[in-house]
Amino acid sequence: MPRLTIDDLKKLREQAAGTITLRSGAARARVTIHMGTCGIAAGAREVMAALLKEIEAQGVTDVIVTTSGCAGLCSREPMATVELRSQAPVKYVNLTPDGMVRVFRAHVLGGEVVTESALAAGCETTG
Amino acid sequence: MATTAFEPRIVAFFCNWCTYTASDLAGTARLAYEPTAPVIRVMCSGRVDPQFVLKALQEGADGVLIGGCHPGDCHYQEGNYKTLRRFRLLKRILSQFGVEDERVRLEWISASEGDRVQHVINEMTDQLRKLGPWHARS
Amino acid sequence: MKLVKVTIDGIRTEAEDRTPLVQVAQKIGVKIPTLCHHPLVEPYGVCRICTVEVHMRGRVRLVTACNYPVTDGIEVFTQTDRVRRTRKLILEWLLARCGHVPLLNTLAAEYGITEPRFGRGDDTCILCGLCVRVCSDVVGAHALGFFNRGTTRYVGTPYDEPSDRCIACGACVEVCPTGCITMDDEVEQIRGELPLGPMTAIYIPTMQAVPHQPVIDYDSCIHFKTDACRVCAAVCEAKAIDHGQQDRREEIQVGSIIVATGFQPVDPQKVPQYGFGRYPNVVTALQVEHMVNASGPTNGQVLLKDGSRPQSVGIIHCVGSRDKNTHEYCSRVCCMYSLKLAHLVHERSGAKVYNFYIDMRSAGKGYEEFYNHLLEEGCEFIRGRVAEVSDWAVTPAEQGKLVIRVEDTLAGLVRRIPVDMVVLSTGLEAREDADEVRRLFNMSCSSEGWFLERHPKLAPVSTFTDGVFIAGCAQGPKDIPDTVAQAGAAAAEALALIDTGQVELEAYTAWIDEERCSGCQICVPLCPFSAIEFSREKKVSTLNEALCKGCGTCVAACPSHAAQQHHFTDAQIMTEIEGVLVR
Amino acid sequence: MAFRSHVLVCAGTGCVSCGSFDLGAALEREIASRGLADEIQVVRTGCQGFCAEGPVLVVQPDEVFYCGLKTSDVATLVEEHLLKGRPVRKLMYTPPSAPAPVPKLSQIPFFAKQKLVVLRNRGLVDPERIDDYIARDGYEALAKAVTELTPEEIIREIKLSGLRGRGGGGFPTGVKWATCRQAALHRGVEPVIVCNADEGDPGAFMDRSIIESDPHAVIEGMAIGARAIGARQGFVYIRHEYPIARERLAKALDQARDYGLLGRGILGTKFDFDISVVQGAGAFVCGESTALMASLEGKAGEPRAKYIHTVEYGYKNLPTNLNNVETWANVPLIISRGAAWFASMGSGDVSENPWNGSSGTKVFSLVGKVNNTGLIEVPMGITLREIIFGIGGGIPRGRAFKAVQTGGPSGGCLPATHLDMPVDFDSLTAAGSMMGSGGMIVMDDQTCMVDVARYFIAFLTEESCGKCIPCREGLRCSLDVLTRITEGKGEEGDIALLEEMGAVMQDACLCALGSSAPNPVMSTLRYFRDEYEAHVRERRCPAGVCKALITYTIDQALCDGCHACVTACSTGAITGQVKYPHQLNQSLCIKCGACLDACKRNAVLRA
């Protein structure tokens, strides 16, 4: 590695920041892809792969992608919930890898909900 | 020539610091030796020019004795070394003239060796008596 | 060198800033106990017995006096209850390890310890480290060290084997406060062997030594072994000691030289039958001289090797003199100094003294009277050359004694005389290096090695070389009065030479006739005194009469007879030859 | 492929000894076999603090904390949580009294009440990757110190922060740096700085965890210190017994040198500074500054008289500034976030004089009879109760708290009455203990205070360098007396003798090891004198620990002959037929207490 100067240090900090923020949970948006057994069978993994490829392409570092269990609506798998900071989470259904990318660009980056594949806003009431 | 027995005549060149003093010591010590070697005193045996030896033989000496200090004792540090060098060359020439070896001698005698002066002169005189006179007298 | 104000136990004083407290206290007479401290060694501060109370700007602290640096305005108390309690307990702790060390017991008594509360251990080392530090920092031998840690710590040598670095200097024995380290008897015995040698590496030879100054014995001085120590330099207030001095070879231009190199006593072992070196109580006269000297090793007492007084002493004259096997000449002084020793030995030890002589040579003023005085004193004189000294006892009276077998020529019988001590009056002989010295000064010497004077009567103190004089026993055995007289004469001769202010040239120097000189330069390398130089301009050799000694070697070698010698010209010698050979 | 989740596996020595290296490897294998290798990254971090529950790991960004993991749990963990995003409840941490497990790390009481300054990167950065440290604003303070601040300004900042030595003495760091710099300039020689990572106290592992979790914090701190004092050479004196810390420190140093953050021309400026690591040979005394420097010079680790300060004449007679690992680790944050931020934490007002308070935080290793054993960092001034009960989770098996020992062998034992005392330099010293390096050993009612004192005195007798008499002989005699007392042979006056010896040792010993050695005895005497008297006068050990003073008997009425104690007893001291009361042979009994534990009927009595 070359010997750093002051500004090299700053550049390196920004670069590496992405991995670290992931660890401290501070992020702008969270996409949760439902990976119940049926979800996986319906192709949730491919959707996840496409989403991750897109994030890397865009060089976005402050979006969290996680998985969670089956959301309960087996018929509409694969599903994902997109949650922007301080906004109600929106569930998307019958997602395809391309569908997911479109949702990511429009909703996560653009901020508008993609209504045709959105199921509902808000989240279930937990006990 | 008188019919008396042959008495060899030796010319002795003695260096002043060692051999001359030794002969003086021999005298004070009452050491008797043959009167056949009158002494010519020189400051150092190095002063003895080979020509002096030839001159002496020419003038009818039957033998020449040169006395000097032991090597290293020379009052002038190196005089006796020069004498030794010249003496070696001179002996070679003298043998060509037919001069017997015993006739010309170089002896190192230090100041305290009075007895050695006595011994050398007596010995040389006996040898020359046997050899007989040096017939090259002109 | 800033001075600071210090008060100790109420006594106000001043001291150099940051000097250790214990030194300041010592100066004003306040006694602070120390165990691991020694002036020659860096303070170590481990025994803590020197703990004192220091009040400084309102703060009270207990510190160790040996290494605490004084600062301005400090107040010190050396006997407060807290200090005494600390010292008392430290002593009890020490007694628990070393219960029977006298030093600790006296200190303990001072602090009212009768029965230590932790019992009495039987170790003797309090691990103060003085021995380790003196061996490393002062002596520089690094033979001792600490081993292990904590309560199992001990002082020892590597692998507990005798260390080859130990140079038996005894420094550790010297500084050990409890006497735990002792010198083993073998070393003690070696030191005992040399009563006549100096006790320390730096010593003043004798009270009458000239110059009356200490000298360092290179072989036994520690500094030259380990490059450390230099304690003598440290304590010398005049800072006069410099271990860096080296022998210097100095070139001194002098006008005249007085050779007074003296004599050496004959080695008594050249006369083996007298048993010198075989029997301990056969000593030389010089050794007895050393003993009778009041400031000598035996303080003037004549003692045998084992330190007891002899009952009977035999003095043998002419040892190594008047003897074909050693020296034929009589050493002239032995008879009289033997009589002196006989008198002193009899007076100091009351022993019966026998003198074995061949001829009593008491020539000169007052000597014969002294000889008669001795006869009256009861000293027994036996005329005869002693045959042998041995320790075979034939009769019980001779048991344990040295028996002197001698033919008493006056009584006409061989006698065996048992004595406790035999003194050999060794004669004088020329020094071993007489030959080199002789050659150095171009002097000649007699067969016995004595230097030869120019003339025994007319010039007794000058030699054949002008400006070189001789005096004293270098010229022949003589006693002190004669030596002193000769010394005066030689000095006078030298001064006379100096006084004339100029040097007489040799009368018979050589010279060069420049017309005849062909410039062949044969003579130039011949001259040992480089008196002849070749001048470039005139293309001839020139001779410097002041340097020429007049040997004539160049004259003999000159092919063109340009070089001639005053009083020994070729012509003169030639006519001498003719003169000698004329009928 | 950008990772979507990181599994941060604790690789501190505590967890490593429970097999966290194998756990990490198993995780990586399982993730790879599930094809998640590109999405999920396994990161080995330093000690995360919760050693009691080791091996532990955290899944980020979900911030779910798992503990007590075995390699057999890996399959379910990967399947459920990583693949399907369903956190596995049975692997989570359940506080002793709580009904349900607490998934989120920040809600677990052990972590919640802590305030991380020195340990800010703990569990978040991989100590063997410098980039992680830089990502967390690493070396930003050094950059500031090297370009924007002059040495004097740096020292002023440290003084204003009120930072005091975390090694135990609590000497204000700013003052120490200033004196060292002054001495070096005055003598015209180059000063040296040293990091004391010897940490010889039994039960203390803070320095080890700091170096294992975040070595660069120490390196950056030392570089800033060197810049301030004007040193070009630094040493880290680290124990041979910390292999993982030594290895990670060496890697961190190499990486720092590669990046030009250490060595010649740091960050392109003219400031040169390098650090060499020297291994301690395991002597507790080498934790003392002058002994450490003697050891650095290759000599035997023996202390030297204190009248010559090491900041003026230390290592090889050069001005030497020695600070503890934790002190150095605090420095970068003080420089980057400013002295006021640091002074706002902790107790007391340090603005005028650092001696007036204890600012910042302190790392403790909370050990002994406490549920949540581990490494904690708390703000100064926090009370003992909050630490032991709040963070520590109270005393296991429902036993009562008896005492807490702070400051290692040189510290003291504080009873329950002091639970509400704030923990800072001055109040601990006033209570007869000492902050020390940060070891905090909790004791319950089954601990005999006389035995604890004897243990520490025995430890110090072993570790004393033996150079000065009060320490070497004083400890040996104190140990004899204490051993006599615990063997029931104590005599009247022994207690007074112990106190006298303690006082003299505190007065007369050459170094801190000796002068603080009596503290355990003096503090236990101060607060638990009754126990000593019980041992001496009644030959009784209230806590039932001193073997010579306790006897085990079997209550014939209660014993129903279930034979459990016979199997438990290792010396065959208990005999009897099944279903009939058993007998205990006193001569064979070694008083190990196994029968007491084995007996279900509480028929075994201890008196």
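For reference, chains read A, B, C and D in written order, and residue numbers begin at 1 within each chain.
By definition in this document, contacts are C-beta pairs under 8 Å (C-beta built on N, C-alpha and C of every residue); 3 or more make two chains touch, one makes a residue touch a chain.
Predicted, not measured: the structure shown is a model, and the values here were computed from it.
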- In terms of CA centroids, furthest away from chain A sits chain B
- Query: Roughly how many whole angstrom separate the Cα centroids of chain A and chain C?
  - Reply: 102
- Note on the structure: dist(centroid_CA(chain B), centroid_CA(chain C)) in Å evaluates to 52
- From the C-alpha centre of chain A to that of chain B, how far is it in Å? 134
- What whole-Å value do you get for the distance between chain B and chain D if each is reduced to the mean of its CA atoms? 111
- Query: So what shape is it, when you link every pair of chains that touch: line, ring, star, complete or other?
  - Reply: line
- Chain pairs that touch, all of them, please. A-D, B-C, C-D
- Message: So in the complex, the part of chain B that touches chain C is made up of which residues?
- Response: 9, 11, 17-18, 21, 38, 40, 42-44, 46-52, 55-56, 59-61, 72-79, 82, 86, 110-112
- Interface residues, chain D side, partner chain A - complex: 1-6, 8, 38-39, 60-63, 82-86, 124-125, 131-132, 134-140, 143, 147, 258-261, 265, 267-268
- Item | Parts of chain A lying in touch with chain D, wherever the complex brings them together | 1-6, 9, 12-13, 16-20, 22-25, 27, 32-37, 40, 48, 52-53, 55-56, 61, 64-69
- Item | Residue numbers on chain D that touch chain C, as the complex places them | 283, 285, 300, 305, 307, 461-470, 472-477, 480, 497, 500-501, 503-504, 507-510
- Message: If we count contacts the way the header does, which residues on chain C are in touch with chain B in the complex?
- Response: 439, 442, 444-447, 452, 464-465, 508, 526, 528-529, 549-553, 555-557, 565, 568, 570, 573-574, 576-578, 580-581
